[in-house]
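Listed next: structures, encoded as structure tokens.
Across the two complexes that follow, chain A remains constant while its partner is chain B and subsequently chain C.
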Partner chain A sequence: MQPKPTSSLVAELETTLGLLNDLMVELQTQRHWDPGSRVDQILTALHRRPALAELPRILLRVYNEISAALTGIRLTREAIQAQAIERLRDGHVRLSEVSSTTESATLEIIAALDRTVALLDQLQAGGGAEAQTAVAALRGEIDGVFNHLQFQDITSQQLRGVADLLQDVERRIATVADLFDQTFGLRDAAVPGPVGEPADRAERAYNPDATTRDVAARQALADAAFGMGRGAAATASGA
Partner chain B sequence: MKCLIVDDSATMRRIVANALHGIGYTNLVEAVDGQDALAKCDGTIELVITDWNMPVMGGLELVRRLRANPQTAKVPILMVTTRGTKEDILQAVEAGVNSYILKPFTPQVLKEKIDQVVSLASGSA
Partner chain C sequence: MDAPSLHALVVDDDPMMRVLLARLLSHFRLGRIDEAMNGEEALAAMAERAPDLVLCDIQMPGMDGRAVVRTIRSDARLGDVAVVAVTAVCDREVVVELLQLGVRDYILKPLNLAVTHQRLAAVIGEVTRRKRAIA
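On to the complex of A and B.
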């Protein structure tokens, strides 16, 4: 059975209470009860209360205010979806694009360096002592450029870390929007599906903490930790 | 010496290959992840240089599998990665990595570490 609409219930309540109020007035004015009798006391007490017929109007006003609040919540939820989630998704796509473009450009640079090395091989084959020296110096420069291109792998991992963070924020906002839906019955609104949980750090295909900073110092610390680990492993296997 | 380079980044594979060429290693095989690397470890590989974070199968799991296989149990393995916490390094040691290099590396560091692991491997053979 379908529940009656709230406006219909309010109308029925208003009618019922109105009739009850009329009945009370009629009872008090047209019948003559002994002053001080129990019936007289009840009728007097009821009559002194705020008019019961006002109650439905109060309820209706409350109902209208709740409806307005729900509309506000619905608009907030739609704003969350439109402004936050969609922009976060857009940000995620842009970061992927930056990462992909940088990788393509880096591979192009590597291909150009390969061609340059081939040209240097030709120069070295036909050149004199001076050319040999220049070619060796150029090879050194090219090796340096190759080495610097490691930035692409590292920044790509950093970008993927930020993209994952955005995805996490998106998931949390979607959860809040979903809470609105569940709590306030906004199920009819289109809810974006929850995105997947991020993979555990060890299982990720990238390191979000990747950095190009202080590499010599970090390598020295890594060497020390590695030596310590090897020492402990050797002790354990010898024990 | 036949060397296997394992990294999901084409850029890094190329950079490692260039550095290896520079120090005389020319017989190189490349793999894009741990699973691809296992398929290419045919018993002729004499040195493995692997990244840690890769899709499908990461470097740590690759090292464990190589160490569990009698055919590859003694192959020198260098981990070249951005991961530099003590916990990471101890995990790598436990898995069986022979040397650990942080990205971005210099060709000098790569050469130094390769020389160490290769001389140790030839000394223990």
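On to the complex of A and C.
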């Protein structure tokens, strides 16, 4: 026989309990009852409802269904922690590592270039006209490298922007996982707090709009604002 | 241009930018170039010895560049300090506020080193002339 849906069994059980309640009310007022009396009607109705006998089985089914739902929630929560939070954290750590490695490398390159410039000074001091030309050309190249090394400042700011974004997403997902914990009592897999920046980088600010693009155009805009402001200040002081 | 009597302070939270800016300034053979990694350090350095020129980043943790410039302007002892903003922030409001606070120039990152050298030469020349006139 196909089992009845839980909702239907619950409805039947509710009706049965209602009838039992009615019966108790009637029994409190009557010591005897005749065939066809209210008590008799209730007893007849109760005989037709076997749900009370099914109560343990119903409760067992309900328990099993709740257990299955909780297992699903637990698995979802574990998947959130394993797949989302831990991967995001890993991404954040890698970004910090890239930023830090690039910074160290850039500083090393600058130091090496400075040593190269010192060697060029020596060469220039002792060389002929041909050496002077070569040294001058090399100095130009070195200045170009210095110029390009600034990519590190801008890209590290951009990386910090992305790392902060990842940390924010991680925090939000951890909040959802905590919500599961609080609502369903899943305390055995606590979500660790977000990973902070390494100490040497925590004290750094970044501009999320930092870019290596259109520098000349942006400088022109800043100069225009600066020039206009200067003009206004001069007019004001003249007046 | 040599300016051995000048004392400069480079303020930037990025060590690479501090090195780069100090290197740029070294072309002018200044008397002294100090570095600070944030606003608080900069003010502490200025309290110890007032510089003639400050190259200041704007976006910094804690006390940012704007707060540093405001503090400089509110301190009579630092009234002659020339400040140049060196920043990746290209925001009209920030530019105008800094101009009103008396910043000499506003140079955007990433720097064009040749152009920055020219602009710094102009400011250093001006500071040197003023210093000579006062002396």
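Criterion: the second predicted complex is superposed on the first by the 175 of 239 C-alpha atoms of A that agree within 3 Å, B and C clash if a C-alpha of one lies under 4 Å from a C-alpha of the other, contacts with A are read in each partner's own complex, and residues count from 1 in each chain.
Here is the rule we go by: a residue touches a chain if its C-beta (ideal position, glycine included) is under 8 Å from a C-beta of that chain, and two chains touch if they have at least 3 such contacts.
Because the structure is predicted, anything quoted here is derived from the model rather than measured.
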item: When chain B and chain C are modelled together on chain A, clash or fit; value: clash
item: Touching partner for A:Ala112 - first (chain B), second (chain C), both, neither; value: neither
item: Partner chain(s) touched by A:Ala136 [first = chain B, second = chain C, both, neither]; value: neither
item: First (chain B), second (chain C), both or neither touched by A:Phe146; value: both
item: Chain B and chain C footprints on chain A, overlapping residues; value: 103, 106-107, 110, 143, 146-147, 149-154, 156-157, 203-207, 209-212, 215, 218-219, 221-223, 225-226, 229-230, 233
item: Residue ranges of chain C touching chain A (in the complex, touch as defined); value: 13-17, 19-20, 23, 37-38, 59-62, 64, 87-90, 92, 95-96, 99-100, 105-115
item: In the complex with chain B, residue positions of chain A that touch it; value: 103, 106-107, 110, 143, 146-154, 156-157, 202-207, 209-212, 215, 218-219, 221-223, 225-226, 229-230, 233
item: Interfacial residue positions of chain A with respect to chain C in the complex; value: 103, 106-107, 110, 114, 143, 146-147, 149-154, 156-157, 203-207, 209-212, 215-216, 218-219, 221-223, 225-226, 229-230, 233
item: Touching residues (chain side chain B, partner chain A) in the complex; value: 7-12, 14-15, 18-19, 22, 52-55, 58, 60, 81-84, 86, 89-90, 92-94, 99-107, 109
